[in-house]
Amino acid sequence: MWTFVHKLGSPKWSYAICGRLQPFFWVAALILLPIGTVWSLAISPPDYQMGDSYRIIYVHVPSAILAQSVFVAMALASAVFLIWKIKVADMAASVMAPFGAAMTVLGLFSGSLWGVPTWGTWWTWDARLTSMLIQLFLYIGVIALRGAFGRGDQGAKAVAVLTLVGVVNIPIIKYSVVWWNTLHQPATFSLTERPAMPASMWMPLLVMVLGFYGLFIALTLYRLRSELIRRESRARWVQALAD
Amino acid sequence: MSANSGGSTILRGEVIGLWGGCVAQVRRELKIARRRGGDLVNPLMFLALVVMLFPLGISPEPALLASVAPGLLWVAALLAMLLSLDGLFRGDYEDGSLEQMLLSPLPLPVLCLAKVFVHWLLTGLPLALCAPLLGVLLALPGAGYLALLLSLALGTATLSLIGAIGAALTVGLPRGGVLLSLLVLPLYIPVLIFGAGAVKAAIEGGMAGPALALLGALLALAVAAAPFAIAGGLRISLNG
Amino acid sequence: MAFDSFAAFLTMGGYAKYVWPAWGLAVLIIVGFILWARFERRQLMQALTRRQRREARPS
Amino acid sequence: MAVKVSLRANRLACERDDRWLFRSLDLRVEDGHILRIEGANGSGKTTLLKLLTGQLPPTEGRIEWHGEPLAASREAFLSQLLYVGHAPGVSAALTAQENLAWAAAMAGVRAPDLDLERALEAVGLAGFEDIPARQLSAGQQRRVALARLELIPRPLWILDEPFTAIDREGVAWLEQRLLAHGDAGGAVVMTTHHTFHANGRVDSLLLGEAA
């Protein structure tokens, strides 16, 4: 077990493993995302209440889910890095952050667009949008802290601690925002907390969510390999790649 | 210099233990704060100035001010706390005292807790005591004063603890101040929500109890977990 | 099929100006990230080969 | 008499920011040893001290304190260690005596006022007890830090550049003090470019030959 963990931690091995896993996730993403797109935009029936505007949820929900999952994945990688001192875990966390931030922006943007026909306003302090906005600032904080330290072991550890502090706080923030929301505007009509969807609506949603996950993993593996090349550029196996 | 060539030291090495170490730490922080003076007054001045700006910027109408007063006082107090954080570890980092703390046989998280306690005592508690006075300027309804005092006293302690994590992580950075706000403010949101919520609930004739209890729960969690994160942050900032 | 014609598909039941920008940004982000990742890799490999050539030739 | 100091490093290697500072370094510090670590700037002297004080885990190899891994015997180790770093650890707002009292408390030992005064007297700061450190010169601040050597009983001293900023008289005193500590059965590890008069008494370790 021990040797396995460290073998996984070795850059050369990680590079090879990422290379081997990568195609599966690219294929999954590139099949699922087009199918999901066509299905959700053109095939699934319009909502009886919201008409075709509800088709935004096929972007909003996957990005919202990813926005949270990516942070949790970053926190897991940070914990692995701090506990076992495996540098590849830190590289993975660093590579995930921009994608997570982009997903949060997409979630905010699509939620805001959906708000116009539904609430008649671009922005509403609904619990989900508010906590997503806070989530965006958590991502920005993590990215900014890494930028301030530059590349190096010290910055990596600092970012890992911040990520873990952040992930502990996310449920508390969520709970407090929901508490605040019910205090100020009871029973808003939320984009996702809706009565059960028919299968014709949630099936494409599932496909989209899986497609986003596939894309996230594929991109992470791809960029992790780039990061490995960058940090190990003096190693012999990297030199051999360039030939 | 006299030559103590025997190679022996003056003390026999009577151990003072953890409590003695904490007392020494608290006394040191109090002395430093007293000599510097400004640290105690500046957050209060900031709070008073910010509170003064709002009637000028919004409207002096009492009804309007009263409705925004709880949130306003809380936001201003939170920013005052944030401003005071930047220097929390900076002096000790620069003069090498932090290094001595790290190499003490006493547990670092406890020493950090003692330091943060003094920060709260000299920043959070005075803010909580002065906020009711400023509440008068904002026409805060009478039912809100006690809740304001209690929520600030409880909440600022949590703010000190969370903020110290950010201060510990950024103490080695040349311009850590702005970054510190970016890291810490999102984490402050629950405290703000429950703190302002408690005052609002008290004013609207409801119970401030639940919100205060939640603030207490946050504080308990922060006291239990934050010292370890602060200690970890300091170790990273000093040793890489 | 939820729509009778391609034109109906484009108007999205009157919600075109909300649905399409949301999807547009999604596509932009996905394509953008893929292109960025590839660009980043190409830059890295170029820097690597350039350095190898530099160090291979003793100056 | 029981052995007081036994610090061993086996095949120590340290990598910082993807660069090897040193590899397979062996080191032994025991009672009576005075070890001087030399090396060019950036050769990893301070980092080696951080490894030896348990502040940083080594990338490879192990450090043992009385046969136990350093990480496992942290508290026992730190209660035998006196460390004076590059920065003196003297707060400008506190007086010389207050600084020393706090340092003793951080070391976990009780220090009555009379003993603090005696320690300050020993480093030539008699009469400066109540002067805030900000009014002391850099050399005097340094002496306040070095007064810890007089005050706090610890067998192992680890000192980062102890000879900086002190005058010739102070250097002579410190040299005597270090040798006396070694003769009394203590051990000293320090980074310095200073050459001792009694050079045969001091072991040297040169870092950064490989680089």
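Going in written order, the chains are labelled A, B, C and D, and every chain counts its residues from 1.
The rule is short, and it goes like this: a residue touches a chain if its C-beta (ideal position, glycine included) is under 8 Å from a C-beta of that chain, and two chains touch if they have at least 3 such contacts.
For reference, the UniProt names are B = Heme exporter protein B; C = Heme exporter protein D.
What you are looking at is a predicted structure, and each value in this text was computed from that prediction instead of being measured.
Taking the CA centroid of subunit A as reference, the farthest chain centroid is that of D. Centrality by C-alpha centroid: the chain sitting nearest the overall protein C-alpha mean is B.
Ranked by the number of C-beta pairs in contact, the top chain pair here is B-D. Mean C-alpha position of subunit B (Heme exporter protein B) lies 45 Å from that of subunit C (Heme exporter protein D).
Averaged C-alpha coordinates put the centre of subunit C (Heme exporter protein D) at 56 Å from the centre of subunit D. We define each chain's centre as the mean of its Cα atoms; on that basis subunit A and subunit C (Heme exporter protein D) are separated by 17 Å. Annotation: 33 Å between the Cα-based centres of subunit A and subunit B (Heme exporter protein B). Residue positions of subunit B (Heme exporter protein B) with contacts to 2 or more other chains are 240. Shown for subunit C (Heme exporter protein D) are the residues in touch with two or more other chains, of which there are none.
Multi-chain contact residues of subunit A (touching two or more other chains): 152-153.
Applying the touch definition to all chain combinations yields A-B, A-C, A-D, B-D. The residues of subunit D lying in touch with subunit B (Heme exporter protein B) in their complex are 16, 50, 53, 55-56, 75, 78-79, 81, 83, 85-94, 98, 101-111, 115, 118-119, 121-124, 132, 145, 149-154, 169-170, 173, 176-177, 180-186. Across the interface of their complex, subunit A is touched by residues 165, 169-170, 172-173, 176, 179, 182-183, 185-187, 189-190, 193-194, 197, 200, 214, 218, 221, 225, 229, 232-233, 236-237, 240 of subunit B (Heme exporter protein B). Across the complex, subunit A meets subunit D through its residues 85, 151-153, 231-232, 234. For subunit C (Heme exporter protein D) in complex with subunit A, the residues that touch the partner chain are 1-3, 9, 12-15, 18-19, 21-23, 25-26, 29-30, 33-34, 37, 40-41, 44-45, 47-49, 51-52.
The touching residues of subunit D, counted against subunit A in their complex, run 16-18, 57.
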